[in-house]
Each structure stands twice: as C-alpha cells, then as structure tokens.
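Structure first, commentary second.
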Amino acid sequence: MKFETYGDYAARTRASFDRQAAMRSMGIRIDDLAPGELWLSMPFNEGFTQQHGFLHAGVITSAMDTAAGFAAYTLMPEEAGVLTVELKSSFLAPARGQRFNFHARVLKPGRTLIFTEAVATAIDGENPREIARMTATMMVVQGRAGVTG
Amino acid sequence: MKFETYGDYAARTRASFDRQAAMRSMGIRIDDLAPGELWLSMPFNEGFTQQHGFLHAGVITSAMDTAAGFAAYTLMPEEAGVLTVELKSSFLAPARGQRFNFHARVLKPGRTLIFTEAVATAIDGENPREIARMTATMMVVQGRAGVTG
Amino acid sequence: MKFETYGDYAARTRASFDRQAAMRSMGIRIDDLAPGELWLSMPFNEGFTQQHGFLHAGVITSAMDTAAGFAAYTLMPEEAGVLTVELKSSFLAPARGQRFNFHARVLKPGRTLIFTEAVATAIDGENPREIARMTATMMVVQGRAGVTG
Amino acid sequence: MKFETYGDYAARTRASFDRQAAMRSMGIRIDDLAPGELWLSMPFNEGFTQQHGFLHAGVITSAMDTAAGFAAYTLMPEEAGVLTVELKSSFLAPARGQRFNFHARVLKPGRTLIFTEAVATAIDGENPREIARMTATMMVVQGRAGVTG
C-alpha cells in the first residue's frame, strides 16, 4: 500500500518518540521508519524481566504498542496526536534472547481511526524467532486540547 | 465464585511476584490478594510516561497483565508456573493521576487455561476513575522444564 | 453509571434491531433494554452448530456483538448509526444448552467511540452457566452518508 | 514455515467442516486448503446482513473463526478436535460486496495451543478489498471425551 504523509513526518515522529520517557527507561529506540511503518529495537534488560528471567510480556507489549502508535503517527497531519484505543497481543514463544526487534505497520489508515499490527522478534544466538504479535486500533487526536487518552 | 487453592498460595504468589524485576523497576507492588484475585498499585512515575505526560499504555498493560497472571497463579498447584497466552487491553480514559490501582480476577479456572480480567483505576485528586480494562488467557505450565513462553 | 439518552431511544433501538436480518435468521431477539444496556436471547438452533453439536463460537459472537452494538446505540443521538470497530471474545465453556442469554453494557460512552462488554450464558437444564465474554469498541457514525464500516 | 501433518489431513478437515451446520446455513464453503492454511468463500447473503444492509460483523467473524479453526485442524493428530479459546476481529472497511473470501493461516503450531490469523476480503465489482482481520488462539482437544468448549 502507498501512504500519504504530511510535511517532515520523519522528524516529527522521531521528536515525539523522544518525548516518551517510558521508551528511554526500557532502553528501546527507533531503528528505522517509513510511511506507515516503524522499526524499534531493545537489548535484553534484566530490569524488565518476569519471574522466569524472560522479558516481561508487558514490556514486549509496550514496545509493540509504541511501534504501532508511531507507525500510525507517520501518516497523521502535523497538528495531530495519537492515542491507543485498544490492543491485543499474542505471545507465541518465550521472550528469550540478547536482542529484540519490533516491526509495526499500518493495516488501514483513516481520518479518525488507524488499524495497525506489530511483530516482535527475539535474536537468540544466530536465530531470529517470532515471539509475539499485536493488532491495535489507534486514534487520531486533533490539537493538544483534544488529548483524552 | 468459590475457588480451590493449594498449600500456602499467598506466600508462593508473593515470592514469585518478588522475582519480577519489571514490577520493581516500574514501582508496582502487591496491595492485597485472595483466591483468584489480586490488587496491585503504582504511584505516578515520570520515567514511564508517553509523549503527552500520561502513564504509558504499555505500562498500564504490564501492571494489568501481572495482576491477572498472579490472580491465576493463586489457584495453581505448587509446582506450576504461569504464562500469558494473550491479552487485550482497552483504554477508556487518559492515565492521568497521582496513583494507579489494578484489580484482577479469575473469570474461569481450568487445568490448562485460566481466563482472567483486570481493571485499572487512576486516583486523580479525590476521584477514582476507571482508565483501562483487560481480558487475558493464562496458561498453567507444569514444572520449570515446561516453561515455554 | 447514569447515562444520558436522546428522544425515544428504546423505540429507535428496537426498530434498528428489527432491520438486522442476521438476528432474525439466527432466531435472536431482544428481551429487554435500558440506557446503555441490552439483553438478547436465542433458543438452541441446530442450524447454527459447529462440528461437536454445540452452538458455533461465531454465532455466540454475533449475538454478543449485536447486544453490545445496540447497548451503545441506546446512548446515541437520533441521526447516528453504530459500527463495530473491533471485538474480542473469550470462550469459557462449551455452548451447550437449550437457551442462550446475552447481556451487554456500555463501559464508557463517548462522542466518537463507545466501549462495551457482553456476557453469554447458557441455560442447560436448571443451571445457567457463563460460556463467553466479549469486549468491543463501537463507533458513532453521524448521518447515513457517514456509514463506512 | 513448513508444517507437519498427520495421515489424510485434507479429507479429515473437509469431513469435519461438513459437520458444521452453521457454515451450511450461512452458505460458506471451503475453496482450498493446505497444511496450516484454509480458504473459505461466501456469496453475499441478504439473510445475514446488519441494519445498513452490509454483511453482519458476527457473520464475518464466524467465517474467519471457522477458517482459522480448520487451518489449525489441518496440523492436528487424527484423534484430536479443535476449539476456539479466544478471537479478536478488527473491522477495517464495510462488508459491501457480491462475494467474500476468507483466508486463514497458522502463525505458530503447538501441542496444546495453536496461534492463527485470518483475513476477510470483499469482492465488490472488480476490486478486492480487505474488510477484516482476526487473530485467534485454538486449542487441541484429545479425544471426544475431552471436548470442553
């Protein structure tokens, strides 16, 4: 699919991402972006594990949510903000690895709602392995005053 | 619903929760628990906000997921572990507040799968406000060797 | 929660429900309604079973989706329509029974989006049993021209 | 991904599908199948519309659920049955068309749980258009006695 963008969408997306303290705290950063797509990565971080020593499902979801939200954001008008309406994550395999990649893409853009999906991959030794999938609905919020979620 | 438990389920649940580094890093702790139920809370934490200064949707999901997972865990046999199969979160209102409460309960226990739900509430001044809801499927994993997710 | 309604919301809801051919074909009807709430029921119907002779999960979802959509509709302005953005169903127990009840309620109303949940119960002999749960996001569509989903 | 199958999986899948009265009633049939994949189709059917004359979201979900369930079933041992644990559908565009196609595939097989996804496409004149997406968790049930959902 070919998507329309507004102005310098890439700079706007990176600047908004940099305001997400949660991503900084978890050590997640942008690897790349394109219209309607975003790639994040995160090194394994002992501070965000669950009781078996794997990365916490909520942290994987945080990264997929952010990837999906900013993939949607790349298509939004300059004065708009993005909010997550809902998300669903499925955990296909244990989050075991030295490094984690998150790729999100827009399934269907819209003026009010943007449908997205994201995939999480663990790099464990030499083999990348898909560990989780998400679908999420993102909302376009016009103007800061409209920020409600 | 009246639920069956095994041995000192409360001590086991608290001990397993304490091994979740992610909860410690986010400042989330257990307020209370009962058979098939768990209450967590978290003070507002600037380190886990999104771009508008509210608590990150992924962090709220992390807390609801953990609350639901351990609500399920309270009903499991002594040698069993818990894994999240999938979760869906809906974000009803902005995560604005000084404090956040998370309550999870088991909807339906089972030998292999346990269905759960969780609710997140923000305490903003004097008014508690429901900000998010989750349903999640948890899996009972027998023995450490069986840990696969 | 106390909800605001517009005009004769009950007559409008019943009239719109009557235009759902799918409900008629499945033998599903309205038992009752209130602001932000709706109750449907359906007798067991051999024509809508799956391979084990239970009611099909998709049919249960159809009823929960409709219950939730019209629970949202009871709160909408007179010229508005309702569309399902997304839904998630969990199947807690086999859909075995002589009769099925579906209760939906609005979790959070909004100008654009309305969050809902629904519960399906099977009446098998004397014991009602919860068999499924759904959460769904509904969209308010202004004017027929705006119907997009 | 290359999947392992058991015996004449194709004949077993078609025979089990034929026992789904719900699919017959809705006019849905198998177009094709492969290990871990299934294609269904359905002509537009006025008897299964919602209040705007489009195909009911629950009917689309029924078809996606069945496609996903039988995609999982193609990979199961001979004596096993399949049950839907949970599903989430997103509705990307109105279900307007003369014909609807449903394609499902296994994302990750397992001994107990099988993760799947499905896509619904409307054929409206000459243009196929994606109208819905689903992810669902399927459960492998050993023996008829084990049928619990």
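Quick notes on this structure:
Letters A, B, C and D mark the chains in the order given here, with residues in each chain numbered from 1 onward.
By definition in this document, a residue touches a chain if its C-beta (ideal position, glycine included) is under 8 Å from a C-beta of that chain, and two chains touch if they have at least 3 such contacts.
Fair warning: this is a prediction, and the values are worked out from it, not measured in the lab.
Each chain's centre was taken as the mean of its CA atoms, and the one lying most distant from chain A is C. Because chain A and chain D share one sequence, their contact can be compared position by position; here over half of the interface residue numbers appear on both sides. Distance from the chain B centre to the chain D centre is 32 Å, each centre being the mean of its Cα atoms. Taking the mean of the C-alpha atoms as each chain's centre, chain A and chain D sit 28 Å apart.
Centre-to-centre separation of chain C and chain D, using mean CA positions: 22 Å. Residue positions 85-86, 88, 90, 92-93, 135, 137 of chain C each touch two or more of the other chains. By the touch rule above, chain A contacts chain C in their complex via residues 85-86, 88, 112-113, 135, 137, 139. Residues of chain B touching chain C in their complex: 88, 90, 92-93, 107-108, 115, 117, 130, 133, 135, 137. Note for the complex: chain D touches chain C at residues 16-17, 19-22, 24-25, 46-52, 56-59, 61-63, 65-66, 81, 83-94, 144, 147-149.
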